[in-house]
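Every chain is named by a letter (A, B and C) in the order it is written, and numbering of its residues begins at 1.
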Amino acid sequence: MTPLSPLGRQIEALLFLSPEPLPMEALRELTGAREAALADALEALAARHEEGGLEVAEVGGGFALRTRPETAEACDRLRARPPEERLSPAALETLAVVAYLEPVTRPEIGRLRGVAADAAVAGLVERGLLEEAGRATGGAVQYRTSLAFQQRFGLRGAEDLPPLERFELSGPEAEELRRRLAEAGHMAEAPGAVAEPADGA
Amino acid sequence: MSVEPLRQPLSLDVFEGSLDLLVTLLLREEVDLFELALAELVGAALGESALDRFDAATASELVVLLAALAELKSRRLLGEAEDEEPDPDAVEARERLAERLVAGAPYRRAAAWLAERAAACAGHRYRRLALAPAAAPAPPQGEPRALAEAMDRLLRARPAPSLAHLTPRRVSLPALVLRLRSALRQGRQLSFDALVDGVDRLEEAMMLLAALEVARRGEVRLEQAVPFGDIAIIPVGAPT
Amino acid sequence: MTPLSPLGRQIEALLFLSPEPLPMEALRELTGAREAALADALEALAARHEEGGLEVAEVGGGFALRTRPETAEACDRLRARPPEERLSPAALETLAVVAYLEPVTRPEIGRLRGVAADAAVAGLVERGLLEEAGRATGGAVQYRTSLAFQQRFGLRGAEDLPPLERFELSGPEAEELRRRLAEAGHMAEAPGAVAEPADGA
């Protein structure tokens, strides 16, 4: 097997990273090479991947690197592997805030936790444990727990949540807490305010 | 690999935070803390092109240090007697500071080691594509009217904005100007839509400001073929 | 060069698909092969990728395929993202503290650095280089470095960090520091005291 040309290496890296097949036109733009040179390099790349675990395929109007069929079994096992099962402490805290106060916005969660909740909320939405529940008056997206959350925690509904020892969070009291959270947004020195950076450090 | 940030000349590249600068100064025989002009120090730490590579976190640490140095200098200028009995409080405070400087020094050197590492590993890109999920279940009966309603809600005017939902600002204009410039370094035209793909609306708006700022400085020109269409950011001198 | 063994092909396909580095243990589970065979196959796979656009790397606690540096420019064009931003000195120093002391809270980082670490930490969390790691006894959120951190700095894990003692000031250096500090005069209020970390979150 011959070493790849610099152009071939670029193409290999591009096909490796691209989530979608790359049309010839895109490869031309990305590498600055001509179509004839690209075609040669693609051919060399395909030859290089013969008898490997990957193959170059022309599919969906472009070129893609993909796994060979004979590796399908191992790949399926990888896909079937349960994703990280454990909830991180940040995720658990975020879930708790939403479960007790839903519907609730991200800034409200952040205020209660003392740190921004963006990543935790996004992760929980992706895992299907939280879902959007309309918008608050100000326009911020609100979140609530999902059916999957109830199944996973064996709850029939919010009324099954264990009561909190020191706080009463049902009915008007919960309303009151939410109102205070919302108002905290107006106050410059809200006690739990998230200390946010002035810019990316 | 030898990492000796403390021995390098004073410039922004070795400025490793307020305490480190202090350590640097203290360990450099040739610098007398009291002969050092504060203005020179600012210049040395931030460099002439401070505006181009403004880093708020580092700069704010410098401000803190400058305040402390200014105080030191003023005490000295007031001329406390050299042979005066040292104030035990001052001695203790000095020892505490020394301990902190010694305790923190390894991390500042480790940071320099990390910087070298990062430079050595800068070229690698990881695929990080999520595994194709198990086949999504077919949606339960779709209700076309629900689509129309959802669209209708989105198009209808929003209620008056309230400050309650404001998320804290996490992007800065200088940082975005920097990012835009480094993207432009390739000398190619950029697509505004591609630049802001996946970012939230606030960052998108800030990026637009950044593009306008860079255009104002004459580094690029902006072209928009159709109203609401993509904006092309074209480096000055690049072929159209 | 010899074609890859069936095991080598499986590994190549797995490393290609997995969004995270795969530890030896995971490879064992997914392929059913023994560690010795896996090590041989990994070596053959690495050799096969020499002079290509990709390489096999041991990073972040496992094995991964990644692009070679010489393709970085084309890759960044593909992602339509500016190249990775340089880390500020403040960010690097914060990373160093967390890497050696994790899990560690913001006030602890601030104490070591002599300035409040809020902005630096929040920026690093947003860039994915730090992540939350539960709360300390007092309730403050603790942080640790992430997989992205290990990838960015090419570390297999914490064991790849040089021992911290290597970076400590030598006896004479520390002495010198004390002497110069004493010479600097009467410091009833030490400069470092000005920058006490502000948050107790």
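In the analysis below, a residue touches a chain if its C-beta (ideal position, glycine included) is under 8 Å from a C-beta of that chain, and two chains touch if they have at least 3 such contacts.
All values derive from a computational prediction rather than experimental measurement.
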item: Chain of greatest Cα-centre distance to subunit A; value: B
item: Chain pair with the most C-beta contacts; value: B-C
item: Centre-of-Cα separation between subunit B and subunit A, whole angstrom; value: 25
item: Centroid spacing, where centroids are CA-atom means, of subunit B and subunit C in whole angstrom; value: 19
item: For subunit A, residues that touch 2 or more chains besides their own; value: 13, 16-17, 78-79, 116, 196-201
item: Contacts with 2+ other chains: residues of subunit B; value: 55-57, 125, 127, 129, 131, 170, 175
item: Contact set on subunit A toward subunit C in their complex; value: 1, 3-4, 6, 8-14, 16-18, 22, 29-31, 48, 50-54, 65, 67-68, 70-71, 74-75, 77-79, 81, 88-90, 113-116, 119-120, 195-201
item: Subunit C residues within the subunit B interface of the complex; value: 16-19, 57, 64-73, 75-77, 79-85, 87-93, 95-97, 99-100, 111-115, 119-120, 122-123, 126, 151-155, 161-162, 164-165, 167-169, 173-174, 176-178, 180-195
item: Interfacial residue positions of subunit A with respect to subunit B in the complex; value: 13, 16-17, 19, 78-79, 105-107, 116, 136-140, 182-183, 185-186, 194, 196-201
item: Parts of subunit B lying in touch with subunit C, wherever the complex brings them together; value: 3, 6, 15-20, 22-23, 26-27, 33-34, 55-58, 60-61, 64-65, 67-69, 71-72, 75-76, 80, 86-87, 89-90, 93-98, 100-115, 117-118, 120-131, 170, 175, 178-180, 182-183, 186, 188, 191, 194-195, 197
item: Contact footprint of subunit A on subunit B as seen in their complex; value: 55-57, 125, 127, 129, 131-132, 134, 158-159, 161-172, 174-175
